[in-house]
Amino acid sequence: MVARPCFRIVVAASALLALSARVALVHAQPVTSEQADTQRIEDLVIANHILADQNILDAWGHVSIRSARNPKRFYLSRSLAPGLVKAADIMEYDEDSKPVDPGGRALYLERFIHGEVYRARPDVQAVVHSHSPAVIPFSMTGVPLRMAFLLGAFLGSGAPVFEIRGAAGNASNMQVTDQSRGAALAKRLGSAEIVLMRGHGDTVVGPTIKVAVARAVYAEANARIQMDAIRLGRPVYFTDGEAATLKKMEDEERSVIRPWELWKAQAQRRMAAP
Amino acid sequence: MVARPCFRIVVAASALLALSARVALVHAQPVTSEQADTQRIEDLVIANHILADQNILDAWGHVSIRSARNPKRFYLSRSLAPGLVKAADIMEYDEDSKPVDPGGRALYLERFIHGEVYRARPDVQAVVHSHSPAVIPFSMTGVPLRMAFLLGAFLGSGAPVFEIRGAAGNASNMQVTDQSRGAALAKRLGSAEIVLMRGHGDTVVGPTIKVAVARAVYAEANARIQMDAIRLGRPVYFTDGEAATLKKMEDEERSVIRPWELWKAQAQRRMAAP
Amino acid sequence: MVARPCFRIVVAASALLALSARVALVHAQPVTSEQADTQRIEDLVIANHILADQNILDAWGHVSIRSARNPKRFYLSRSLAPGLVKAADIMEYDEDSKPVDPGGRALYLERFIHGEVYRARPDVQAVVHSHSPAVIPFSMTGVPLRMAFLLGAFLGSGAPVFEIRGAAGNASNMQVTDQSRGAALAKRLGSAEIVLMRGHGDTVVGPTIKVAVARAVYAEANARIQMDAIRLGRPVYFTDGEAATLKKMEDEERSVIRPWELWKAQAQRRMAAP
Amino acid sequence: MVARPCFRIVVAASALLALSARVALVHAQPVTSEQADTQRIEDLVIANHILADQNILDAWGHVSIRSARNPKRFYLSRSLAPGLVKAADIMEYDEDSKPVDPGGRALYLERFIHGEVYRARPDVQAVVHSHSPAVIPFSMTGVPLRMAFLLGAFLGSGAPVFEIRGAAGNASNMQVTDQSRGAALAKRLGSAEIVLMRGHGDTVVGPTIKVAVARAVYAEANARIQMDAIRLGRPVYFTDGEAATLKKMEDEERSVIRPWELWKAQAQRRMAAP
């Protein structure tokens, strides 16, 4: 009966999806840091696909998560377009952004963004670097990217912009390809949640990977709304009090459960497609 | 014969779809309010998916329908991205926006938008709250969103904007998270069909859910056309007579049968996909 | 053997697609006007789906083709979103835009656009009426839509705009819902290939349905390019000689074989999807 | 057993995909120029589909690759929308843009773009001609298209614009339909990597087809970012040193492995879909 294997594969795939959905929802019991890292790697793979689906990462950019087992380390894919990343592509990096087990694989040139941000910001559990297209004009015109709608509270009243000339000179490749450039970027980030990179893109951080992913998505959405509002008239922005209240809500993972569930379902549907 | 179950499932799914299509078309005979509510819940699920497909609702926003059985009550999903809503997620709320049977489920924080609008506007049968991206710039620049093409008659010569500071103070979370804020929003809505919410989005109402859904879609389309027209030159808008004539047509459900059928077919195709 | 019917349906569908592709390519031998009308109806169904796929027609707008058997008549779908149209939905209309055999079906309110354009323009074989969103701003700002790239030659140095107030008064529904309004629209069209309709959309004509469909698609593309160019600087348009040379090429059906084949393949793929 | 053929076809298609993926990765051993041309034709088919997927080529435009066996010749599809091109559609052209074996097939009218660019630029291995929509406004307003983000280094500080009136007179069809127009275009291109064509589109070249494809995609992305930046404020562009450093990186094929792999996977998925 030739059709049988096909049917079994479908069943197996459905079971796997159901299982992974269940795993993601069962958070209540205490987990070991080993278990936590298994979960983090699973979330990191999904985060790669979500950011590809949402048009934040295309062939470029990357997303990482800090290790729970060893908080000086982090997980990041080998050099690969995020939309193609599988669990087997995830590598562990040490605090100097060196792979623990290189295995002869090509590495992201800008992995130092991640290592240096984790070093400078113990509160950060996840980092996204992207070429978010609507954000780039704000990186090169002196017009500050700022909270322009409810979901942009992490932008505050003007996101910092990193000018790499200070760290890399006047004729660099503009990229964060070593520790010193990573440290300079982390310094410019300071205590903010996003730093724009002139003519290049941005780096977003979060207290969890779900928050970091949502911020990366909403930075782009906020930039489009802000550009439209500026072209239309004189925008009224948020009061400091409103911004602070919304920022506090936005910091908590429960504020992003709804988008994460939606985007994950969409990513899993695409990943399971033939 | 291993392939059999697969085939049967396909048949069953097709039959269900055919059935639901039939149910939606057979309106002629008198229906009890029980039957009407079954139909309303079915339409509400489809409305959630249509608004997700049309990029009006993403992870956020929600759509509700008034109960036919008990017009003080309304139906609304538990807290969930609209693109994931199934019939089992729909809950019944009373006039104070309290769930009749909470069942331990998470609720939309801004459910009070719905309850207070239904209280203030007996003519309204459905409410959509969204973060419609092209509408937001009009909520924060003083430039009124107004009818800019044939399908925007419900916008009139300038949609009202709700400034939440009056109801919630200068440092609020900007959201309609209690009855008093809901009442203030409903008051600003007045007898209009849409109210913009500063830096946040909008709320649209309708005499039927099909009309409300179409209005939510065309508010976004109208906003884009209006922005383009303003950037291009000095737009000529509609006469009061034209606006009134078109508004009268637009109020009737038969004016939206064609889009509803198309959007429903698209939503059902996506919902039935593996 | 339960799986058999499924397989046979797939085979049958593939055969049909292959057949219709073959039919479309075999043009060489002389055809009777009966055969020609069969082909025209087939092309009209595809045109509906192409214009839906290309985002020119959504729930609204319609496309028609003149009858070869009786050139005073034309074919047009019953009232239905173009993306849902099948051969069985196509109806024959007489020169007064009355259906030859109404069969109790709902009709497009603006069918008079088609009838009156066919009456006034014997050279026209197909008509598209749409709410093309980038075209609408040109209908209401006094800025003429004109040829802004190679594929916009049919726009000439400024498309005519139809102001319906002359024909329908100051408080109309803005729609071409009777013969006199249709005649007024046709008069404003004159010998042009497109007429914009203030705050509403446009009507495009062509010597074949393939040319008319391509014009409807490129009117939208041209409008976006022209808006971008106007925002960027002072556009240099085409010389009269260039425009005339390109217009002559564009009039011939062979100039649109390539897009028609592509769009048709895309439409058929979607139409055949489960 | 009726379902069998279906299953076998699926297996065969998967095997083919796996094989072609393997072929693309095994580059290490020395290849004959015959083998190289087989690979080039395979890459050319993929390039057609990538450029269609990325919305750079629609029904129009084309991409070619130089022959490795005979560098005076090049490969280019017969006249066909790029999204429909298969290996059997690829034809070999000589240095005068004449097909070596016409086989009665329709040819792209603007094939002379390719032949004359290959003649003038021995370093060029691939050529893309497109109607890239965001690039066209820069071709007709005097505002130079220039490097506005990291991936636009090949644009330098202002891309040359080809005014065809010099070669074709004041009433031409604007198209590069003979050798002399092709030579004039190649002359305007000079040593640049892109030349804009007034009111028409652009032509992009590369030292490999992967680099040329990436440039075509990033020219469009850069144009959108540059338009947005100009509308937002006064853009800060790149220093000459930065531009030179990035240009040197961008010239090398390894800089585009990541996008090519992603885009190829996406194109193959679509090509394999029913």
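To keep things simple, chains are lettered A, B, C and D as they appear, and every chain counts its residues starting from 1.
Assume a residue touches a chain if its C-beta (ideal position, glycine included) is under 8 Å from a C-beta of that chain, and two chains touch if they have at least 3 such contacts.
These figures come from a predicted structure and were not determined experimentally.
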item: Interface residue overlap between copies subunit A and subunit D, same or different (over half shared); value: different
item: Chain located farthest away, centre of subunit B as origin (C-alpha); value: D
item: Mean-CA-position distance for subunit D and subunit A (Å); value: 32
item: Centroid spacing, where centroids are CA-atom means, of subunit A and subunit C in whole angstrom; value: 45
item: Of all residues in subunit B, the ones touching two or more other chains; value: 1, 3, 6, 231, 273
item: Category of the chain touch graph - line, ring, star, complete, other; value: ring
item: Each pair of chains that touches, named by its two labels; value: A-B, A-D, B-C, C-D
item: Contact set on subunit B toward subunit A in their complex; value: 1-3, 5-6, 58-60, 79-81, 83-84, 131, 133-134, 136-138, 140-143, 165, 169-175, 198-201, 227, 230-231, 273-274
item: Subunit C to subunit D touching residues, read off their complex; value: 1, 3-4, 7-8, 10, 148-151, 221, 224-225, 228-229, 231-242, 244-246, 249, 258-259, 261-263, 265-266, 269, 272-273
